[in-house]
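Both complexes below contain chain A, partnered by chain B and then by chain C.
Showing the complex of A and B:
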């Protein structure tokens, strides 16, 4: 009897050690998170159901339920349109970024002279893809690809393709800079991902007579699926928190406007985040589904 | 995969190199533009269509910048010092905190793990702008205004860094950690000697990302700091480019744009070498 309890105590002790370690390591992050992320987010959710006024004594809340959401969808003539246009744009860019970065990282994984420098070059845009540098660049017109106008690319494309194809190509070219700049981290993650596939597997399938093409689709691609998922998530996050994001600009403008106020702006932000979350959920679910059956990674 | 391919053909390898170089140069254009712009005289800045390369380089923009900065109350070096201290401390702190969190999220068992991962995902979505007012209230409520802590703490719980770390640590085989445990290694030893070295690519990535976010941030300076001596270089740069009227603004903006960019570039060059080295020789499988 006593032996049983002592064993149980030992198990508890072991469990507690394992769990305690987890909590201890989690703690610093949790404190920072609760204070500066979770609590403000919760607050803004509460705000989105209220009419908030900033007075000299502080904040004044009036509970209005869902009326903020109704007002911005029905009465506001800019928000829904901008939201939908931006969503379409992002949905087009995400696969482009993923395909481009996968392709480039595949090439960068090859051995050739100057590979280290080339990798550094492709990762370089990461350091100016956020914040003020990108602002400065766009203000100064560098993001617009000056040579597109200089060499009349527009006219040439329209000459050789029909209207809709030309427009699509121009749209993609116009976003080329964004695609290139936003591929840095993704390329890096992909290259790191390639290292996780053992060389011996390639040797084995080569001995079995598989062509490079087959070994790509049978070995490389399935092995990279978790990384594609990770990159998709990263890209979505990156694009939806982009500093020039027109949706966030509207939110910011409404925040201090006397007619709408902070509650209204919070409601706008929350609808936006809800859409992004659904998108993320779908991505994660697809990744999970695609990798589950193979018993590889998680 | 392409290994056999390459042995058969030498020509594709050349094509590969040329293609990558072309795309790479294309990617470098904005930086070339930024550098050139800083040395352009005024009349070239207003050319339409804009040119990438400078024709008659001058130091005029920098002269203008120093002229305006010497008129300020707080010396330039103070802003520089603030930025250096804040960016260094925050980057180190974020790396430590998020690696710890990523490690236990990936390799330990404890309650609410799924819940925490869920909140990390949700938090990824939130840009600082949307929660700036509640954050301000918290910072002032904690009495952190006008202290370095207010610069550092809001960035500490970075969901992006934790997410990257967790994903990377997932790739480290459990057997490695089990082996260390059987040999009697305490958790701290496993963390410091196994996890940290194996995740150095992710550490470098998270480090670069955090550094640039912190270095470029103006929110903390403009909202939480009332004393001019506690503000950072990026705030100063923004104030300079916005408050000065007329044409001088554009030339100062060009010069400051370059100056702000240089530290980022240096950090990048330092970290990227390590990153690529570790990527090549890492034991991550």
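Showing the complex of A and C:
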């Protein structure tokens, strides 16, 4: 009897020794997460339900419940509009980036001399597509597609769309090249994805008489669906945490404004975060739906 | 007579077959057995890629060419991408305006030390998530994913309060300490990369080491880290480049004394244009006098990471495949 309990205790001891090792390895991250992520997030959530003012003695809180959210949506005439415009823009940009990177990676997957250099070239923007340098180029209008002026795209778009839609489309086209710069990582993921489809499958369908066109739609495309999903998620995160986007800018402006204060700005950021999460949820669900039944979802 | 005719016939036949074979061979090389590996297809692909690549790098070419133009060249509409004479004055201005050596050192401190810290902590965390057993592991992995998604605005004010309480504002600690604790720039992504890498390694090595009585730490530093050298390099390079370019976070926490190059670029701009505040939406950019030095400054900033990329290009482009992120 006593031998059994001591054995159990030994087992428990052994287990906890193992667990302890795991926690020891995780310790730096855990400290960091609590101090630099969990605590700030919790604080800002608390703030979003409060009216916060900074006085000489520090922060002054007044509990206001959901009033920040209501004010932001009903009374503020800029925030909802900017939010919706940016959402529309992003919803247009995401497919643009995905189609472009898929197309380029398809080309880069073929064998031709100088392929390594070509791949390096398309990945180049990742090296500096963050930060101040890209803003410089944005301002200079260096990202414009050359055929825009040539074909008077401006006039044509205004003819077929209403004012605001046309402006948005033109804005996107004006920055097109730089937007496409955000597809470096996606191209690499797609290229890596192509390697997961075995060559023998292509040989088999060719023997069966399938044209390259058919083999693309029947083999390549379905096989790539999980990677398209992965890239969509990556693109969404990349675009929505891009620090220079207009929504984040308006949040920052409100943060330091004397009339609205930090609580109000936190509420804005939280609404924005909630929308991003919903969008990600939809993307993951679509990917799951598209790959279900094939057992390909990892 | 008959023999001669027959001989002629045979000769003709042979010539015909040979000619046929030749055309067949030509057809094969041009069109290929499969549409994909013929020469025409290759040429089309190559041409398409060249066109796209040109569009793709045009902004960079524009930056370099503008930085080399004099003001006269800038105003003259006849001058396209290639300036009439190489003018290095812009670079001299930018060098002085950015206080380049000092800025370089500041940026280097953050990028180099921050990246080393990130490699260390993210590898540790990634290894624990991939191999060690402990309760709550899945929850922690989920939290890492959440940390990846949080927009920066949500946390900057609390972070600012924490940092100023600790007296870290305007010092490199605001980036180095979070990096040491696994919360550096895109740290979550690096943890995921390491986790995937360690998951893809065979377990046999560790089991053997364990049987020989190696402790988990010894195992990690002596066996797993050397194995992960490739993944470490990839993470280091990405982290380095991202830290180097970071400007938004830097603008919040570092406003004087210790400022990286990206911030110096915008303050240099203000000096050059005078008191006009930096306003990107209003298009200050079309100012021909400050444009040259600004582009020169931008090029000076991206030059070091560009150099790193040219040397370690293979590791960047193959890195994602190598670490098995997409497995």
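Throughout what follows, the second predicted complex is superposed on the first by the 227 of 298 C-alpha atoms of A that agree within 3 Å, B and C clash if a C-alpha of one lies under 4 Å from a C-alpha of the other, contacts with A are read in each partner's own complex, and residues count from 1 in each chain.
The working rule: a residue touches a chain if its C-beta (ideal position, glycine included) is under 8 Å from a C-beta of that chain, and two chains touch if they have at least 3 such contacts.
No experiment lies behind these values; they were computed from the predicted model shown.
Legend: residue contacts after superposition of the two complexes on their common chain; A:198 is shown touching chain B, with no touch to chain C. In the superposition on chain A, A:78 contacts neither chain B nor chain C.
With both structures placed on the common chain, the touch criterion links A:219 to chain B but leaves chain C unconnected. Once chain A of one complex is fitted onto chain A of the other, the partner contacts of A:237 extend to both chain B and chain C.
Once chain A of one complex is fitted onto chain A of the other, the partner contacts of A:92 are absent, as it touches neither chain B nor chain C.
Of the two partner chains, neither chain B nor chain C is touched by A:156. Touch criterion met: A:280 reaches chain B and chain C at once. Legend: residue contacts after superposition of the two complexes on their common chain; A:23 is shown touching both chain B and chain C.
Residues 18-19, 21-23, 25-26, 28-33, 35-41, 43-44, 104, 107-108, 110-112, 116, 118-128, 130-133, 136-137, 139-143, 146, 177, 180-181, 185, 188-189, 191-192, 195-196, 206, 212, 230, 237, 240-241, 248, 251-252, 255, 262, 265-266, 269, 273, 276-277, 280, 298 of chain A lie in contact with chain B in one complex and with chain C in the other. Remark: chain A residues 18-19, 21-23, 25-26, 28-33, 35-41, 43-44, 104, 106-108, 110-114, 116, 118-128, 130-133, 136-137, 139-143, 146-147, 149-150, 176-177, 180-181, 185, 188-189, 191-192, 195-196, 198, 202, 206, 212, 215-216, 219-220, 230, 233, 237, 240-241, 248, 251-252, 255, 262, 265-266, 269, 273, 276-277, 280, 284, 297-298 touch chain B in the complex. Across the complex, chain A meets chain C through its residues 18-19, 21-23, 25-26, 28-33, 35-41, 43-44, 47, 104, 107-108, 110-112, 116, 118-128, 130-133, 135-143, 145-146, 177-178, 180-181, 185, 188-189, 191-193, 195-196, 206, 211-212, 227, 230, 237, 240-241, 243-244, 248, 251-252, 255, 262, 265-266, 269-270, 272-273, 276-277, 280, 298. The residues of chain B lying in touch with chain A in their complex are 1-6, 13, 16-17, 19-21, 23-24, 26-31, 33-34, 37, 49-52, 96-98, 100-101, 103-105, 108-111, 113, 116, 119, 121-127, 129-131, 133-135, 138, 142, 153-154, 156-157, 159-160, 162-163, 167-168, 170-171, 187, 191, 201-202, 205, 208-209, 212-213, 216-218, 234, 237-238, 253-254, 257, 260-261, 264-265, 267-269, 272-273, 275-276, 279-280, 282, 284-285. Taken in their complex, chain C has these residues touching chain A: 34-37, 41-42, 45-46, 48-49, 52-53, 55-60, 62-63, 66, 121, 124-125, 127-129, 132-135, 137, 140, 143-144, 147-155, 157-159, 162, 178, 180-183, 191, 216, 220, 241-242, 245-249, 262-263, 265-266, 280, 283-286, 291, 294-295, 298, 301-302, 305-306, 309, 313-314, 316-317, 320-321, 325-327.
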